[in-house]
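Note that the chains are named A, B, C, D, E and F in the order they appear, and that numbering of residues resets to 1 at the start of each chain.
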Amino acid sequence: MGSPYSTQSVETGYRFSEAALSSGHQIYRIFFYHDGVHCANSLSTPPQDEDNLPELWQQLTTQYHVDVVVCVASALKRGILDQKEAERFDKDHFNLTEPFELSGLGQLIDASAHSDRVITFAS
Amino acid sequence: MVLNIINKSPFSHSAFSECLAVLGDNDRVLLIEDGVYAAQADTEYAKTITALAGNNQFYILQADAQARGIADRINHDVQAVDYTQFVELTTVCNVVHSWY
Amino acid sequence: MRHAPYGRSLAREGLDALMASAVFDQDLSLLFINDGVFQLKESQNTESIRQKNLEKMLAALSLYGVNDILVDQQALEQRQLSVEDLSLPVITLSATEIADLFQQQHVIFQF
Amino acid sequence: MVLNIINKSPFSHSAFSECLAVLGDNDRVLLIEDGVYAAQADTEYAKTITALAGNNQFYILQADAQARGIADRINHDVQAVDYTQFVELTTVCNVVHSWY
Amino acid sequence: MGSPYSTQSVETGYRFSEAALSSGHQIYRIFFYHDGVHCANSLSTPPQDEDNLPELWQQLTTQYHVDVVVCVASALKRGILDQKEAERFDKDHFNLTEPFELSGLGQLIDASAHSDRVITFAS
Amino acid sequence: MRHAPYGRSLAREGLDALMASAVFDQDLSLLFINDGVFQLKESQNTESIRQKNLEKMLAALSLYGVNDILVDQQALEQRQLSVEDLSLPVITLSATEIADLFQQQHVIFQF
């Protein structure tokens, strides 16, 4: 839920997920809420000596086939759009990174019901 | 058994004190990010932790303590863990509660 | 709910998540601690700060089947608030009761 | 003369207490956003403000107090201002210091 | 410096600027730093009952001819790019709202030196 | 500097602003209060959290002509830090001296 490059929580969440997946645990879904939606911004261009967090999330979750969902209500107001939403709101551009998907809070509730543990990395 | 995770400095935010006020018997507390400053030896927070350490177990994320230059002055009642042990802690406890 | 309304959007986004949860018929408990109790203060008028009025969102909770509103007694006292100052009827809990409540949960979201 | 602006709740953050610890004679303090909770009458923070109100002047942004439903229970030593008066305050003081 | 839709500071800063300009004061420059850079995201699409903050800033500062500068280092890592930066980093899209301009911290220092008062609206 | 390093990026972005200011030859004072004093703690090793090492950034300050590093004495004491624990030589100030310092400024940036 924290903002990348502003709070450490995104990095901590990433390291935790990496450790969980590489030691054989399953992650049902990662849900990006509140400022966490900025993690899916494909336009992020950090300096070369810093982690590219959207890219790292993309690689990790693709490798382990983890579902990554961005809260659509949080994302729209914060300016994170996929192509479909951009068209709907008549914007010339969009910036959602693949394989992130925009969806509703129902995906968070569904994940909570289908997981043994739910862990929040907050700002 | 609840795993409480705290990521804020106890000197600046009330999260640490509030969490400790509602700990259950045998609950665990993991200090991460700026939360690790609560684990420094000899501060007022060290005393609070030591008083509770009979019933509760306290942990600190080692990477965060090292980053902040305090890994060598951690309260003896607090145990250092890496990310893999962090994952294990979340499986050992029944539920995880993040304070921020 | 641990955070004050309006200064940050956590309270608002927490209520959104709560309502989504209620819509999906999840069995849930709603607890206000620390500055979160300020969300329940009556007479909020948000016109001049142009934010959605959380008091009105909270009033709609019963439509979502959320009836029991639990509040940390000590948080109220520290803030000089009585239950009469709140916009909804609440059940107050002691620190021990709060600790017990946390033990019984499968998932805890703090906002 | 410094205009200190505080936007955090004194119950959760240390900004309020820290700011008040380094006030100069005749400094001013403006409480905005979640900072307005420090201006509620009868709390421990009200006592701190009243003790300092001889040397220092305290203000609260009225829109923020109204939003939070506390406009009718403000400490008598704190004066309500609107945005235009907020602007005037920044011109009356020599420098503005935001605590957050 | 706060993030719009996550902290109130952007709204407070906006109301303050509006009051200052409409009562005849001059604003030399508004500098968006840290999470404040998200104010310049043209893709922000808030619900109809909420303020569109990037649009409000755009209108106010255009009306009063106020210089609005976004810190380029803060912006790039947070995924706020103008067309030029997008081309430089090989991105197909960009999202900086006009009349916001990307520039360096020197613009903040310059503004501090040329203003009677400097006021921070922080998260 | 009032905020701890690493948990939020304020310390980092504050140092960036400070260096920009020094490059433009501004006359400035640098003061560490509250958790900001933790920025000065020696032996920071940020490899495993992959952030830029602020201790190294601070060490470069003298190249930018920033020589006097002012620190709140009380903030150090409260955190059980002595000046020997810090990575740079500092000048400690009392609360009264800090209040006076603020009075003398034309602009104050807090990070």
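As a convention for this text, contacts are C-beta pairs under 8 Å (C-beta built on N, C-alpha and C of every residue); 3 or more make two chains touch, one makes a residue touch a chain.
Bear in mind that the values here come from a model prediction, so they are computed numbers and not experimental data.
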| item | value |
| --- | --- |
| Fewest hops from chain A to chain F - one hop per pair of touching chains | 1 |
| Both-way neighbours, i.e. chains that touch chain C and touch chain B | A, D |
| Of all other chains, the one whose Cα centre sits farthest from chain E | B |
| From chain A, the most remote chain by mean C-alpha position | D |
| Chain pair with the greatest number of C-beta contact pairs | A-E |
| Length of the line joining the C-alpha centres of chain E and chain F, rounded to whole Å | 27 |
| Chain C and chain E, separation of their C-alpha mean positions in angstrom | 33 |
| Two or more partner chains touched - positions in chain F | 6-9, 34, 49, 51, 106-108, 110 |
| Of all residues in chain D, the ones touching two or more other chains | 7, 11-12, 14, 33-34, 63, 95-96, 98, 100 |
| Two or more partner chains touched - positions in chain A | 5-6, 8, 15, 34, 50, 73, 118, 120, 122-123 |
| Touching chain combinations (by label order) | A-B, A-C, A-E, A-F, B-C, B-D, B-F, C-D, C-E, D-E, D-F, E-F |
| Contact footprint of chain C on chain A as seen in their complex | 33-34, 73-74, 104-106, 108-110, 112-113, 118, 120, 122 |
| Chain B-touching residues of chain C, taken from the complex the two chains share | 2, 33-34, 95, 98-100, 102-103, 105-108, 110 |
| Chain E-facing residues of chain A, complex | 3-6, 34-35, 38, 41-47, 50, 54, 73, 76-81, 85-86, 89, 91, 93-95 |
| Complex contact set, residues of chain D against chain E | 5, 7, 32-34, 61, 63, 82-84, 86-87, 90-91, 95-96, 98, 100 |
| Chain B to chain C touching residues, read off their complex | 1-2, 14, 18, 21-24, 27, 94-100 |
